[in-house]
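Pasting the structures here.
Two complexes come next, and they have one chain in common, chain A, joined by chain B in the first and chain C in the second.
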Partner chain A sequence: MGALAIKNVTKRFGDTHILKGIDIHIDAGQFLILVGPSGCGKSTLMNIIAGLEAPTSGEVQIGERVVNDVAPKDRDIAMVFQSYALYPTMNVRQNIAFGMETRGVPRKEQEETITRVSKMLQIDHLLDRKPGQLSGGQRQRVAMGRALARNPTLFLFDEPLSNLDAKLRVEMRTEIKQLHHRLKTTIVYVTHDQIEAMTLGDRIAVMKDGVIQQFGSPEEIYERPANLFVAGFIGSPSMNFIDCHLAEQGGDVGISLQSEGGVRFVPLLDGRRFADRLGQKVILGVRPEQIEVAEEGEPALECKVHLTEPTGPDTMIFTQINGKEVIARVHPRAAGRPGDSMRLKLDVRKVVLFDPQTEARLN
Partner chain B sequence: MHDQNKLWRIALYGVLLYAAVYYLLPLYVMVTTSVKSMDEIRAGNLIALPMSITFDAWTKAWATACTGVDCNGLSGYFWNSVKMVIPAVLISTSLGALNGYVLSKWRFKGSELTFALILFGVFIPFQVVLLPMAQTLGWFGLARSVAGLIFVHVVFGIASTTLFFRNYYVGIPDELIKAARLDGAGFWRIFFKVVLPMSTPIVMVVLIWQFTQIWNDFLFGVVFSSGDSQPITVGLNNLANTSTSVKEYNVDMAAAIIAALPTIVVYVLAGKYFVRGLTAGAVKG
Partner chain C sequence: MTQFNGPAQYGFAERWLPRLVLAPSFLLTLVFVYGFIAWNGYLSFTASRLLPNYEWVGLAQYETLFANERAWVAVKNLFIFGGLFIGGGMAMGILLAVFLDQKIRGEGVLRTLYLYPMALSFIVTGTAWKWMLNPGLGLEKLVHDWGFTSFTFDWLVNPDMSIYTVVIAGIWQSSGFVMALFLAGLRGIDDSIIKAAQIDGASLPRIYWRIVLPALRPVFFSTLMILAHIAIKSFDLVMALTGGGPGFSSDVPATFMYASAFTRGQMGVGAASAMMMLATVAAIVVPYLYSELRGSRNA
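Then we have the complex of A and B:
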């Protein structure tokens, strides 16, 4: 069943196009991530879903209902804001109760809801405090509590974790995921943190400049990025982009890579598809973990290690291919030291190719 | 080094003391003179302490001093001022708060222009509007009445009260209003339940500001009122200018203090909010 459908939504502020035809459909219970760099229009889209802002054109459907002309309070949604937006003069209890009071929920039911929600979020000992007396993480919980009390069909989260420190952010991320498993309510979640996007989302919409660059599952986005932007935005460290030319050798179509140890031809899987592009420039995209240490006797690229960055479970190797700095993620025991030479190979089943002009993925 | 520091301190306190005395001396002279008898004033020295304290001048200023042909003291004028200042302050502050709320949180096409025009009102010299305002009051049937004075002060006060509130409310995050809208609250509920409770500091500033402005106003009072609707400032002027055979300095001084007392009291009671409120916006960013 459809939970949220955004159909060709555009938004203009005066002469500036902020959203240029957004299309998104998700099913009930899904966790949708809107991710993109600052200023790409994520919050604007969120406000349009919430009804706090009207789209210039297009349609928003929540459940089976077109809500373009429905007031925010009647859309059966709840929102958690980046700044938490807690009412500073009310204590936690009053903050959570405010919406219920406005809607005329009987007092007894209000009390029950407050107890249930505050237990769930472990804020029951804070009910009589004002927001100013809470830590960032506690405020965050109260903001979520206020949304939960609504018991909506759709949750909207606008960068809810971006004001927390790194450790708390990871904890709250897990909690939000658990909450979603428990409640199974549809969630739209805005972030510009690609790790949050990958770990939380069932569906991810990658946005840039008011356009959805790709909409799909985390695996699709990670393994088959639609274009250079998506490929570079998702993943940390970023995907390596290597300029190269398509060439033919011994009947195989492939690319030649030059490292400090010499030049090697690497045949592409299914390379004949690119036969019409022979001799043309392409951009090879390879993620750090797709560069592996070659076994004894396997064909490999001799690469000089410029720098290493141990992260604990893995070590990042900085080297150079086709004149570009390239990062490989290898097992710490296999890692060479700066100045050493390492034998590396690409996982050709996973590498992607991009057209340098259109920036779209080719394979 | 240490000595230099000390010297600097002494100089600093010296200057501060001088400034304090400079400003307090007139007040001292007023207070002491008001409790002296005329004989003592004539005989004695301006800054000497009174030899015996008498409140005759005060009762006379309040109840029996002549202000023109009438000799009923300032009491009538004082109550006129009270009747004028309380509604005028409350109305202009309420309207300013509402205007500021709309102009910062419910912007509409042309709201910036509206604000610019309202702001213009802050800089209009009073003299310019005297004649048109007199005409308008005539049309409304409010000429020469306390109600007319209230109307004038409200109209004039709106510009500055709007400015104060609007600038304060700009500092309240828009997300708070959005959250309240999602919670189902409308224009008024958001105003009364969310925005107004956050406004204590600026409400204090505006109340003090408006009270002082309106209580101390002389020009509007002398132009737009007459006889039994005149405010205390006009009464004081009449009292001081009514020629009697001898100039009763003690009565004049007592009258001046009576006229100034309410603003002093208000500032003493609420002054700490005033300073806090003026800086509150800055701290919040």
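Then we have the complex of A and C:
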């Protein structure tokens, strides 16, 4: 069953096109992430789903119902805001009850819901406090409690973790994921943080300039990014982009890479597909963990280590290939020191190629 | 061995300049505010009539004051005027602020327009409203000239209603100011709180009544303080608009005090009424200051 369908939605303010034809379709129970840099239109899209803004054209469907002309309160949604948006003069109990009170839910049922929700989020000892007396994480829980009390068909989260400190953010991220596993409600989640997007989402829509760059599962987005933007936006440290030319050597189509140790030809898997592009420029995309330390006797690139960044489990090696700075993620024990030379190889099964003009993926 | 001698490190000028600069205004305030309050307090216990004299009569002037019918009219008028002026000005101001907060076009122009009366002195306001409310000159004559000859609006010359004309002029003058205070408060409210309430299903009046206005409690109290002391001190507006008349029907404590002390040769009674006004203002301001200062110490 479809839970949310967005059909060719556009939004314009005067001459400014915020959204340029958005199409998204998710099933009930899925966790949809809208991710992109600021100004990409993700929050506007969220407001359109919530009904706080009207689309210039297009259609929004929640469940089986077109909701373009339905008021926010009748869309059966609940929303959690970045600033939490708790009602400052009401205590936690009143905050959670306000929506039910407005909808005329009987008092007894209100009490039951408050008890259930506050137990679930472990805020039952805070019910008589005012928002001003709560910490950021507690406010975040109350905001989620207020949304849960509604028991909606669709949850909307608008950058809910952006105002929390790093440690709490990771904790709350896990909690949101657990909550989703337990409730199995459809969730739309806006974020600019690609780690949140990767860890939480069933489906990710990567947006830029009011256009969806790629819509797919986290694996698809990570392994097979549709274009340079998606490839660079998702993943940390981000994907290395190396300018190179397609060449032929010994019947194989591949690319030649130059490092401090000299030039080496790297054949591509399935390289014959690019036979018509021989001699043309392409951009090779390779993630830091796809550059490995070569075994003894294996063909490898001799690279000089410029800088190292130990993160604990891995060490980032900064070096240069084809005149571009390249980061490799290697095991700390295999990492050389700055000035050392290291033998590196690419995992050719996973590398991607991009067209330098259209920026689209080629393989 | 080095020793740290705090103030000794500063020169003579650094130490004395601040005190020197502050001294004149400190001295002037001491003499002309607190000194004269004390002197007035002393006068209220003397038999001063046209000119001050220092014959001690104890509470006799206060007894005269409390026995004076005109003084009680002034007190009653203060309550009528104060209540309606504060309540009406606040209601009008909040309403204007809420309307202006709806992201309307031309907000800047309207805001300035509504704030303008505050730029006028109460004398100008009083005089302008005196002309407008004058039955032979203003509103009543206008409607008569339109042909509705049965229309009457004679509050200005009606002893039972004259105080209400002061209320009208007062509200007109102050509501723009209240609006500005509340508008600033409304702008400080997080937009997403209103969005959250919309999704919760609350109507716009309910959002304002239950969520936004309760959050403006501090603004509410500051406004109340400002309007309350304007109301108690109000003198110029009444003098310009009704002169306390007809008769003494629109007297307020300040005009009563002025009349007693300077035109009717009862300086002792005037001093006593001034002390009563001081006590009234203090009764409002002191608890407020107390709670404010305590609040800021805790913060």
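We adopt the following convention: the second predicted complex is superposed on the first by the 363 of 363 C-alpha atoms of A that agree within 3 Å, B and C clash if a C-alpha of one lies under 4 Å from a C-alpha of the other, contacts with A are read in each partner's own complex, and residues count from 1 in each chain.
Everything below uses one rule, namely that contacts are C-beta pairs under 8 Å (C-beta built on N, C-alpha and C of every residue); 3 or more make two chains touch, one makes a residue touch a chain.
The structure presented is a predicted model; accordingly, all values stated were derived computationally and were not measured.
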Contacts of A:L127 with chain B and chain C, given as first, second, both or neither: neither
Touched partner set for A:L344, first chain B, second chain C, both or neither: neither
Touched partner set for A:I48, first chain B, second chain C, both or neither: neither
First (chain B), second (chain C), both or neither touched by A:I96: neither
First, second, both or neither for A:L154, with chain B first and chain C second: neither
Doubly contacted residues of chain A, that is, touched by chain B and again by chain C: 47, 50, 52, 72-73, 77-79, 81-83, 85-90, 98-99, 102-103, 146
Parts of chain A lying in touch with chain B, wherever the complex brings them together: 47, 50, 52, 72-73, 77-79, 81-83, 85-90, 98-99, 102-103, 146
Parts of chain B lying in touch with chain A, wherever the complex brings them together: 173, 175-176, 178-185, 189, 193-194, 197-198
Interfacial residue positions of chain A with respect to chain C in the complex: 47, 50, 52, 72-74, 77-79, 81-83, 85-90, 98-99, 102-103, 146, 150, 158
Contacting residues of chain C [partner chain A, same complex]: 190, 192-193, 195-202, 206, 210-211, 214-215, 217
